[in-house]
Every structure is written in structure tokens, then in C-alpha cells.
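Going by the order they are written in, the chains are A, B, C, D and E; count residues from 1 in each one.
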Amino acid sequence: MKIGYFPGCSLDFSAKEFDTSLQAVATSAGMELEEIKDWACCGATSGHATNHLLSIALPARTLALAEEQELERVVAPCAACYSRLATARHEMAEDKKLFSKVTGILKRDFTNSVQVMNIAELLRDNLPAIKEKVTHPLKDLKVACYYGCLLVRPPKVTGFDDTEDPSSMEEVCRAAGATPVKWNKRLDCCGGGFSLSRTGSVIRLGKEILEDAQAAGAQAVVVACPMCHSNLDLRQKAIAEQTAKPLEMPILFITQLVGLAMGISEQILGLNRHFVSAQPIIAKATVKALPAAREEA
Amino acid sequence: MQALQELARKLLTDKTANVVIGWGQGPRGPRPIFVTQPEHADRLIFDTRCVHNLATYLNPRRAHLVPFVKKAVVVKPCDARAVAGLIRETQVKREDVVLIGMRCGGVVRDSDMDGKLTEATVSPRCMDCPDREPKLADHLMGEEASAPPKGKGPDMIAKLDAMSPAERWEFWQKELERCVRCHACREVCPMCFCDRCIADKSMPQWIESSPHPRGNLSWQMTRVMHMAGRCVGCGECTRACPVDIPLGLILRKMTQTVEERFGYRVSDDPTVPAPMGAYRLDDKQEFIL
Amino acid sequence: MEKETASGESENTSASAHHGHAEESFRSEVRQAIGLNPAKCYQCGKCSAGCPMASEMTLMPHEMIRLVQLDRRDRLMQDESMWLCLTCETCTARCPNGFDPARMLDGLREMSLRAHGENAPRRIQAFHSSFLDQIRSHGRVFEFGLVFAYKMRSGALFDDVLNAPGMYFRGKLKLTPHTIDGVDDVRRIFDACMAEEER
Amino acid sequence: MSRIGVFVCHCGENIGRTVDCAAVAQACGELPGVVHSIDYKYMCSDPGQALVKQAVAEHKLDGVVVAACSPHMHEKTFRKTVANAGINRFLCEMANVREHCSWIHEDREEATQKAIDLTRFIVEKIKHNVPLEPIKIPVTRRALVIGGGIAGIQAALDIADGGCEVVLVEKEPSIGGHMSQLSETFPTLDCSQCILTPRMVEVYQHPRIKLMAYAEVDKVEGYIGNFTVTVRQKARGVNASLCNGCGECQKVCPNKKIASEFDAGLGKRPAIYVPFPQAVPNIPVIDRANCALYKGRARNAKKDACKKCEEVCGRKAIDFDQQDTFLTEKVGAIVVATGYQLYNIKKEQDKEAISGYGEYGYGTIPDVIDGLQFERLASASGPTGGKILRPSDGKEPKTVVFLQCIGSRDPAKGIDYCSKICCMYIAKHTMLYHHKVHGGQAIVFFMDIRAGGKGYDEFTRRAIEENDALYVRGRVSKMYRDGDVIKVLGFDTLSGEPMHIDADMVVLATAMRPQPGIESLAQKLSVSYDRFGFINEAHPKLRPVETNTAGVYVAGACQAPRDIPDAVAMASATASKILGLFSASELEREPLVAQVDQGTCAGCFHCVRVCPYGAVEHFEVKDRKGNLIKTVAQVNKGVCQGCGTCQANCPSKSVELQGFTDQQIFAAINAF
Amino acid sequence: MAAKTSTDKASFKPRIAAFVCNWCTYTGADLAGTSRLQMAPNVRIIRLPCTGRIDPLFIIKAFERGADGVIVSGCHPADCHYTSGNYHARRRFAVARDVFGFMGIDPKRITFSWVSASEGGKWAEVVNDTTARVQELGPFSAYREMEARV
């Protein structure tokens, strides 16, 4: 079945590797993604931190477009976009007044019938197909699965996994052959939207998270959100300034990890685009030169 | 037909039954007959004109049949549902009746018609009937039957549902003003077995007894409420009505409600509990504030 | 001690004057605007215990809700803490009494903006405005433009300069914006939402 | 009935202000059948009642309608008044013109008209009232107590001491309940077992108490004064009459690794066991799920795996083939005292509405224990001999964090109520901890300290002031294991300071919940329960130990969270209620019950199906020669509670509810 | 049916019969009284022990006797004083409502509600809402016009 695809602004560019790795993994595992035509930004934190109605109306437009494309489900790989889309859907379903206000603003036929999924949910629901395509299991690779905030919170909006004890990312990593470690900060916030505006906070939070992952023996942190990625990857140099020794913790998108296990080339997966090199992982994962056929993926 | 007659003869001879209630030829088509002598068993017939619901004769109100105790009855599927209802409500003991089940592909509207089943002649009662043979039967006879022809005409329930309450009121007032309160609908009904009907109760008199629209309406509403989850859909009340009030319509509406809300379809299995007098904690209550 | 704070703050007199007039109080205004009953918070502090930004806030999440309960509008609206919320939803997920502190803070920020409050830290407000401007003009966020606009507004001109070349090298910054076809649609939504919220 | 008196009350200004009482009296005086109609300032006052009495005599009234307040307020009063005046008290009815009229309307004209209407309905109704006499029911002066915890023990002893027989049914092998697990009790810190054990022995030796331990109530039939209860005596695998409690069998049992229920999982016990040394009765049971012999038999093994207990038993008391038996007991009253269980924070819960604490690791973090487990650690008879040692490695914890309101006052987890006893027992725990672990620090996270009770607040203050317990006001957001310690992320809302604590052990004050299976027991008894499973009392204030089924009473924590003094007080209250009930050989009931007209009953038995109490029976009508004419319905007056559902379902209207007959209702509607 | 002018409608005072159970709704209505909750004066309560006792005949008879609307109210599910009378009533009324509606009695004229002993406010709402609704519908003149028809 076709799944609607809402890349969101980050995947459009700064986290292009999330997009390419997802597309490659999806193709390989037989998931048919169809991008929502002419989608607009979800409004992100700035939207709901300043104008509630806007924070519902912007995602609602996207959901309406998805309905027009006759899509029943939409995947939003960015956890923030996912949260905005899912929240909008939830609030409009709960509050009929809000729903009619929004439809009035949208001026579109809209029934609020589209299901919203995040990337961990999508991959978990397609585990059998993914397992089938794993050719280079990432044996001995210890990873810390990092959920952050919006994938699992608040429970009444997300609900695909246990809010305080989720397991879907670990399941996906295990399917890729990696070994998820048990650690404590996997649900803590990385600082999210304060990346530019309050860098100090982001560094403090990032440090706590990365140190805990390292203490748990992780060789890489696996994320499902471009903001988490940039806060942990881009800011790692600044974080390292406050630690005894450099952390050198590679941060991978979950799709990149799965892609590696499927033997998809690191160029397509965009592993070269990270600030902290993922080379040690790639080497450890014993992913060798890849057949050309994969390149087309 | 031969098989039916032979069975009846046997039942009467070996005293398995003291009377066989079935149909025989009358001056205007088949009519109910009570065979008590083995030699009269050949009077029994069965065809598409055998419209009457003979379960009504098991009803203890038929005092003249009570002394026979062991009774054999010829039943169509709708009749069998009524027998099941009477057993369920302790009016009849299963061991006191021998049920001769007839396979049935529908009957005509009335017994004085010729027996050809067509879209025009089929009885409305047969349109929704899913049963081709009674499951509650000691003997089963007749040929495998196919589904009755679908009747013609508009779906009156849908038509009425589409009306405004005032229009529905008008509709029923026009129908009910003809009612002469002969109570044939009650007398013919196999499920009406009270010794003293509420319509005849005077202290207090809930339902006015004279043929007046007010009492007529109360009577029909009350009757339908009493039939809730009990009506077997045999359509005898409609057939018996001398002024042709479409009584079956209200009953069908009620039956739909019961099925939709409580998931209950009237059954010829007496062990299936009736929906009224039972409840589920999660019964729908959208109409209650 | 209690007495000291009470006499020390000028708004207290006006605030306490509101008590007893539930219809026009700050807490009822908040309830009206946000659709959450502030009285639902029983001040257990679980939100503050789990808040990743608590160590940087001058008012903790439960204290902000408490100030709403006490109708201390000025005290609350003068403080920047509400702008430090990361909207990570930890508080809401763990609230034992089914309250939604994250949504409440969203709403309070919105109220503060509408009242042209000055409590938002310049950088954070600059970021939000730049971000929304991006959506308004292109339908999507054009990151280079966002960073540029943000720096102009916030005055944080030289932060992060070191990372820009790195980002560009790794293909993480695009220099030209893409504007969606339905940008007029988006602008209309913006205008309608702004107008609606003003009402 | 044709001589009716109408008495319109002004209730001071309460009615008179909006209703023209004189006009009501005048209008009603004109109604056919009304021979006397007056208004008066305070009808319920002595002079007011005298007016009624006087009028009854003077006008030979055979019906009295008082238009005043709600019948819930004064129906009893006025019925007594007319009874004193010499007419049957059911010939008096009230029209509610205060709560339902004067208090809720302002327009005097409208209110007066409404008051006239309401009074007219009742006048028309009362024309069909008939004198009714109370129903007399014989009483079996013997009680059943379900549950052998402190509440059940107290109730049983009080009833037995009052001179009546008691059957005490306990589902566990021993009586004693949770109280037997406690170390010391607040607020006096006396040893729980020291005060409980003598009472347990007293139960065992009491000539009027029949103790049935390891037994459960299977079926309940009948009604107040006349219950027939079937009790399932579960098979112990030990012949109770032969066993002398020597304990040799427990010593030889090879499987000694079973988590002890008595020690809340912290200690071990063998497969044949008595729960604790002071158990009453002191007769072991074989835990069939863990005994090698029964496990083998369940697998159809050819040979029994182990018979060591049988071999060692000198009294030949072991009986592997023993089966459950069913006993029937006749009793007149029942006490439900089934007690509580503790909520657990695990992910899997027995009710959909209740969820666990993921933020505290769903019960997977070692050394996070509940209150009962702490009791066992602190108890001299416990697995550590009274030393506070944490379960994971046996180390003495130097920092112990106590969390209150776990699963209680937490609607998000599905439980809204306050568990009531936790504030007190946590304070007690901190004291015990302070006494036992020198240099240890107890930290309590609380929301409110609820210490209402004699000596209770003094007790919690003592914990704080003299026993060094640090009380932190706030809930904990998250807890996780980090190496050897448990990281506790809390917040002190009083100082505004985050409290991040490295704890060696955490004690959760988890909510009290009713015992599992309470719903099915309640259904057997026809008593109602709330959404948490707590048994509903008949009235929250005025009838706190009765249930809505006559003859069934409730005591202790199965009704709501209760501490020991509460449970004991309730138990004594039930005993007093029951002894009162048993003080006469017959009991009287309001005669507002259903009655079948057997002449018109057609025997469809719709009434039997709808009756919530099973009060309708089949009755065979026979002629003089004994031939069956027909089978009809008959109402057991002792069981019927007067809801009238049978009547609404009766197609021929052959059943009538006294006090609300069709005639009466019809007349009232007709007056509309 | 005669067209009603707006003044007719305004001067029309609906007459509404309420059949309520003794334990929940009657007590809830008492509470509304003790709380002095003002409400429309059009409702006349007839007290029954339980909703289980309320026969559809009562509703029919009330309309026959000139009621413009009817309220039926009792204990919430699980709160029945008699444990299950309200569950039986719920099924009965579900059928009655459909049957009455099918025969032309506007279901809007009948309010079914659960009002507990503590819901005085809800009772006032039920009374006011029903009165307003029936006011809007106008008098139930159909029954009265039946006389003329004969």
C-alpha cells in the first residue's frame, strides 16, 4: 500500500541524508512512498509556541493535501513534524469546534481521516520485509537508541509505543543485527528548537545524553529526528570542549543504520555528511564495497 | 403429502400424539384442522396456501385443545419460531409436542388465493425470512425449497422513516381510524397468550376499549412493545386484520430496532434467551442524556 | 518571610483585588483562551522534577501554573521562563492529574505575544519570528535564510560562524530558497489565524 | 377512599414566599374526595402534627396528603403522626412543594399553580392507597464473615461474644490477613503480631465460631435472615483432623525455593507449608502448583515423584487425593471483610483502566520495593530477622527514598482516590529505619501529609522532628538504576529546588486496592461496587457498614482504604448491626413489595428474568384434588426490595408493586 | 394543523411530565432545590421507585392526558439502587423510543436521562433544555385533534 511521505523542511536540505537513506531503505523493503505534493512547513516549535491555531492549520493543510492524493497514511520522518501533524490530527478529532474553525480557514474538503506515522513506527511495522533485505548484519555494533521527546510524547497523541519504555527503535536495530544498549537518557530532550537561539542549553543537554550513551558502552547513537541529529552531531565539537576527552560519538539516522545492514552504499546513505565521522562504525560493520545495482536504489 | 399423512397416522395410532394440528381442505382453500383419528390422517394437506400459524393452537388460551396434552403440529419455519417462543416462555413443554417440520419456500398472502408464488402473490412475511426449514422439528418433510420471490412495492419502513413525525402521525391516524378493536390481531397471534389481556384490564384501564383513535393508538403501541424481541414475523396479525391496517410494518420496525441494538434475531432455538429481560452493561445509550 | 514577599511586590494589591471575581480573573482568562482548567494542577511538582530546562528557569513549570492560579499575571508575564520551554512534553506525559503543562505554556506564550509582552528573550523571539517569516514567504523553511534573518534580528552575528562553512561543505546549507506553489494558500492561512487569534 | 385531608405547609417562609399556600389549600379543598384542606406555618412542628391528628379524628380522614418538603425529609414523620392518630401509616403521602417547587421558582403564580398540580397528583394517587402491614420474616441467628483479616476477626469475635454463631471463611491457609505481616503499628509502634495473635487464637478456640480457612464462598442464595451459603473448602492435601502441626513435613520438603507470600516475595518457603509460625489453624497446605508430586500427576507421570512429607508424617495426615468439598451453611447475615491488595507499578495490570509507572521502570529496578515488603524487612520474624537490608545484594541501604501516592491520587494511572494509610505507615517506616540503620537518611517525597486521627499528626511530626526524616514536597518525575544506586529525580516545591538523589533503596507507598475477585463475590451477594471494585455502602454517612442488599454488611478495606482502627471500628459496627438484627426472632420490613395476581398471571415468567434479587419464584396452582392447574409467579416478600421492574415487564399487569400500583400511578397521571 | 403565530409560541406554556426514580433523580432534584437552582416551572415530577418500574404506558398516558413533553430519568448505569432496574429500563426505552417515533410521536418530546443524586445541576439542565425544546416544538396538539377527527 502507498504511504504518503512528508519530508519536512530539514529533510529537504540540511538532513538530506535522512531523506535519501529513508528512500533507499523504503525501496529496498518494498514500501511505496508518495510525497505529498506542494507540502508546506508544519510550523514547528515556532508555530505552536506562538499561535495555536496556526500550529494546527499548517499541518491540517498538509493532511488535506494527503487526502486529496487519496493517501490513508502519512509518514513524517522528522519527529518534530510528526508531532505537529499528529497533534493537529488529534486535537481536531477531539475538538469539533476547532476542526470546523480549521476547515473554514483551509477552504478545502477535509475529513481529518489520514493516519500519521513516524519513522520508528513505519520501520517497526515493516520489520519482516526489512529483515529479509538485511545482507550485512551489523554484528557486535552496540548502539544507543535515542528517542528524544516527540516520538513518544505526549502519549495521547503518539500512542504507537510505550511512552516511558518504548522498544520500537531497539527492535529495528536488532533486525539490522546491531545490539541496542540499555541506557537511561534515551527519552531526554536534546534541546530541540533551541539549537540556534540558546546554544548553551543544547550543549548542556547534549552532553548529558552523549555521556550516558558512552557510559552504557554505545559505539553510536541512533536517532530518528533531524533536530536531535544536528544537536548531537553538529554541536558535538562544542560539547567536547566541556568534557575530559572528545566524545567522538557517531550519530546515525535509524534509516542509515538499516541501510548499512542492507548493504546500501554510504554515499546514498549520506554518511559523509556528518560532522562526527561514522567511518569507525562503517569499518566495524564490515560493510565492504557494494554492488553497483544497489546504487540505483 | 403422502409422507405427512402417513406420519400423522402413525403418531395417532401409537398414541405419540392425541391430536395432529395441521391443514386440511376447506371451502375457500386450506384451513386449520385437528385430526384425532388415524383414519382421518389423509385429510392433511400442505402447500403454499397454508398460511396460518398453527402454533397459536398450542397456546394454553385454546382451552379446547388443552385436554389433548400430547399434540403434534405441522410447522413452517415461522411457526416453529413461535413454538420456540412458547417453550421459552413456559407455555408449552417441549416433551408435550411433536413437531412436523415442513420445508418452506414462502406462502401466498392468503389461503383463498391460488397457490402460485409470484412477486405479486407472495406474503410480505416471507420477504425477510431466512429460514427454508425449521430447525426445531422432530420430523422434517417436503422438498428442498428455494428462496421465495422478492415482493414488489416500496420499502414502507424507509418511506416512513423519511417522513417528519407529523407526517408519520397522519399516516398512522389514517390507518388506525379504521380499527374496530375486534382484537383479531391478538386472537390470531401465537405469542399472545395472556389469560387477561392488558387491553381488557379495567382497574386501571390503560387502554380505552372503544374504537377511538386514542385507544387504537395506545393499543397498537402497547401490543408492539409487548412483542419486542418476541414477534416471530409470521404476519398473521396483518392477515387477520379485517380493515387491512399494515400492522406488520410496526412489528418489522420494532424487530429491526431489536436486531440493531441488541444483535438479536428471533430464533427457533428455545434455549436462546430473548433480548428483553436481559441486558448488557454496554448496551448503546446514545439517546440518554 | 511570606509577609515580606507580599508587601514587596506592587502587583499584589491589584492581583488580590481580583480574587472573588472569578469571571474576570486572570485564571479564568487563561482557562478561556487555552481551554485548560488551571485549578486542575495540584502542585505536586512532577513537571518541574522532570523538566530538562528547570535548572535554567527562574520560575519552574509548576510555579508558573501556580501564578496563574493566584492571578499573578504581571509576575508571570515579566518572567522569561515560559520561553525556555522546549516543548519536549515530558511534563504532560507524566502529569499525574491529567493536566497539560506544555500546552498551558504554549498558550501563555501566545498570550504574552498578543499582549506585546517583553518577557521573551530576544534571541528566542527572534528565532520564532524569523522561522515563521520563512514559512510565510516560501511555504517552507529555507535554512540559510533562516540563519541569516535570525542573526540580523537577534544580534548574535558571530555565533556559529565557525559551523557555517562546515555545513555548507557537507551540503547542509542551501543558498537559494524554494518557494512552494501554494504559498498564497499558506499566506492566507497565516492571515486568517492571526486575525482569529486577535479576536 | 373518599375522606382525604390536605395539609399545606408554609415551611416558615421557605414555601410561603413563592407559593400561595392558602390558595393551594383552597384549590385542593375543592377536589372530589377532599373533606378537609388547610395551610399552616410549620406542619412538621408539634402543633402542626397535632393539627393533622386532630383533623384525622374530627373528619374521620382515611387519607392524608401533606404538601410540604421532600418525602425523603419528612415522610416518616407524618406517617408516624397518622399512625398515632389511628389510621394506617401508608394512608399518608407527601407532595413535594418545597425542593421541587418553591425553592426552584420565582414566579409566584407559576409556582402556586405547580404546587396545586403536584398536590392534586398525590390526592388522586392516595385515593387508591390501601392499608399495608409490615412484612415479618424469620431470622436464622447465625452470621457468615467473609475474610479473616483483622476486620473479619473482630466482627466474628464480637458477634460470637454477643451470643450468636459465626462461620468465618478465609481464602488463605491461615487467618490474620495483612496485619499479620506488619512489623509495628502506628501511631503507638506496638508489635503487630503481639496484638493480633491472641485474637487469632481466640477465634480458633471460640465455641461459637466455625473457622473455615483455605475456603471460599461459592454461592449465596436467599435473603436477609435466611441466606443459604455454599462454601468451597479447598483441598489442603492434609487431613486437618489428623494433623497436629508438628511441622516435620515442611522440613523434609525438597522444594524450599518458593517465594513466600507472607514475606511479600522476599523470603522462601517449601511446597508444603504454613504461611507463618503463628498461623491459625496451624495446619499446612500443599501448594499444588509447586509440589513435584502434583506437577508429575498433571503431566500424567507414571510414578509419583516425591512423597517425602507423607513418609515423615507420623499422624498419616497427608492426603494427596483430597478433593475440594462443598459445604452448605444457613446464616441470617453476612459480613464482607475481604480486605485489600497493593497496587503494583508493573506494565501489565489486571484492569484496563489502570496503568503502571514506566517512568519508574515498571517494577524492573532492583531494590525498589513496596510498603508491605518494607514491613517484612523491618519485622523481627521477617527474612532478614528485622535488619533493613536491601534485597539485591543484602547491603544496608544508607539512603532510602520513600515515595508516597504511588498509584493513588494519580488519575493518569487510573486511580483517583487517596489511599489514606500511606502517610502514616511511611512515617512509621522512616522511624523504624532511623532506629535500625545508624547514620541512614530517610527521604520522603510527599504531596500532602494526611495525618488525621488520634495521635497521628504528632506521630508524623515525631518522624520529622526527632527521627531525622527529610520530607520533600513533590512527586518524583523519573527513577533509574545507575550502577549501584537508584537515581531519583524529584523536586522540592517548597524551596523550588531540584532534588536529584542517589538512593540505595526506594520504598513505594502503593495504593490500596480491593482484593482480586471482589467483583464476582459482590455479584454473588447482589451488592454494588464502585469502578475500583470497592464495595458500596448503603449511605456514605448514615449507613456506612450496610450495603444496598439487606442483611449484607461491609467492614474494613474492601469498602475503601482503611487503617486498623477504622477496620476494627467498622467490624464492631457490623457486629452491633447484626446483633441488633438477631435480637428478635422475626424481623419487620416495609411492605412495599411486589404481589402477583395469580388469577391473571399467565406464567410467562418475564418477571423472573428481570428481578435483580431472584425474588420471584414459580408457584403451582392446584385444584382441590391436587391436580396442577397452572404454574404462576410468586414473589418472596423477604427477598423483594420493591424496584417494580417486574411490573413494567409484565404484559398482563398481573404483578403489582405495593405503594406504586398501576392504579396509583394511573390516577396521578390522569390528574395531569 | 393550524399554523402557529409567534405570539402563540411565546404564550405557549409546555406541560411536561417527569417520571423519575426515587433514589437518584428524585434526590438529585431535591438537591437542585436545596441548592436553589432556578429552573423552568413546567415540569411535574411523578416519583417511582426505579426506572425499572417505568412502563412505556406511562408515557403514552401522559401524552393522552395532554402532556407536551415527557422526561424519564433515573440512576446512571452501575448506580442503580436495585443494581439492574435501569439496565432493563434502558432496553425497554430504546425500543419504545423507536416505536413511538415510528408512529408519529416526535422523539424530541421525550427526554431520557441519567441524573444521579449528586447532579442537581444536571437535573436543572434537563428540565430547562426539555422545556426549551418542547417550547420550540409547540403544543402536542395532535392528541387533542384526534377528538375532532372522529
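What we mean here is this: a contact is a pair of C-beta atoms (placed from the backbone, for glycine too) under 8 Å apart; a residue touches a chain by one contact, two chains touch by 3 or more.
Since this is a predicted model, take the numbers as computed values, not measurements.
A.B. asks: Please report the smallest number of touch steps linking chain A to chain C.
C.D. replies: When the steps are counted carefully, the minimum from chain A to chain C is 1.
A.B. asks: Determine the set of chains touching chain B that also touch chain D.
C.D. replies: The shared contacts of chain B and chain D, listed by label, come to E.
A.B. asks: Could you tell me which two chains share the largest number of C-beta contact pairs?
C.D. replies: Most contacting pair of chains: A-C.
A.B. asks: As a test of understanding: of all chains, whose mean C-alpha position lies farthest from that of chain A?
C.D. replies: So the chain farthest away from chain A turns out to be B.
A.B. asks: What is the distance in Å between the mean C-alpha positions of chain A and chain E?
C.D. replies: Going by mean C-alpha positions, chain A sits 56 Å from chain E.
A.B. asks: Using mean C-alpha positions as chain centres, tell me how far chain A is from chain D in Å, no decimals.
C.D. replies: Averaging C-alpha atoms per chain gives centres 52 Å apart.
A.B. asks: Using CA atom averages as chain centres, what separation in Å is found between chain C and chain E?
C.D. replies: Roughly 49 Å separates the two chain centres.
A.B. asks: Taking each chain's centre as its mean C-alpha position, how far apart are chain B and chain C in Å?
C.D. replies: Distance between chain centres: 71 Å.
A.B. asks: What are the residue numbers in chain E that touch two or more other chains?
C.D. replies: Those would be 61, 78, 84, 88, 92.
A.B. asks: Can you list every residue of chain B that touches 2 or more other chains, as numbers and ranges?
C.D. replies: Residue numbers touching two or more other chains: 206, 276-278.
A.B. asks: Residues of chain D touching 2+ other chains?
C.D. replies: 359, 610, 649, 662, 666
A.B. asks: Which of the chains are touching one another, listed as pairs?
C.D. replies: After working through each pair, the chains in contact turn out to be A-C, A-D, B-D, B-E, C-D, D-E.
A.B. asks: Given the complex with chain A, which residues does chain C contribute to the contact?
C.D. replies: 34-35, 52-53, 56, 83-90, 92-93, 100, 102, 106-107, 109-110, 113, 121, 123-124, 126-129, 131-132, 134-135, 139-143, 147, 150, 154, 159-160, 163, 166-167, 170-174, 178, 180-183, 185-186, 188-190, 192-194, 196-197
A.B. asks: Residues of chain D touching chain C in their complex?
C.D. replies: Residues of chain D touching chain C: 359, 405, 409-413, 447, 473-478, 489-493, 496, 498-499.
A.B. asks: Quick one: which bits of chain D touch chain B in the complex? Just the residue numbers, please.
C.D. replies: For chain D paired with chain B, touching residues are 599-606, 609-610, 630-631, 649, 651-654, 662-663, 666-667.
A.B. asks: In the complex, go through chain A and note every residue touching chain C.
C.D. replies: So the residues of chain A in touch with chain C come to 9-10, 12-16, 38-41, 43-55, 57-58, 61, 83, 95, 101, 105-107, 148-150, 152-155, 163-164, 187-189, 191-194, 196-199, 201, 205, 234, 272-275.
A.B. asks: Under the touch definition given earlier, write down the residues of chain B that touch chain E in their complex.
C.D. replies: For this pair, the touching residues of chain B are 160-161, 165-173, 177, 206, 212-214, 217-218, 220-222, 224-225, 228-229, 250, 253-254, 257-258, 261-262, 275-281, 283-285, 287-289.
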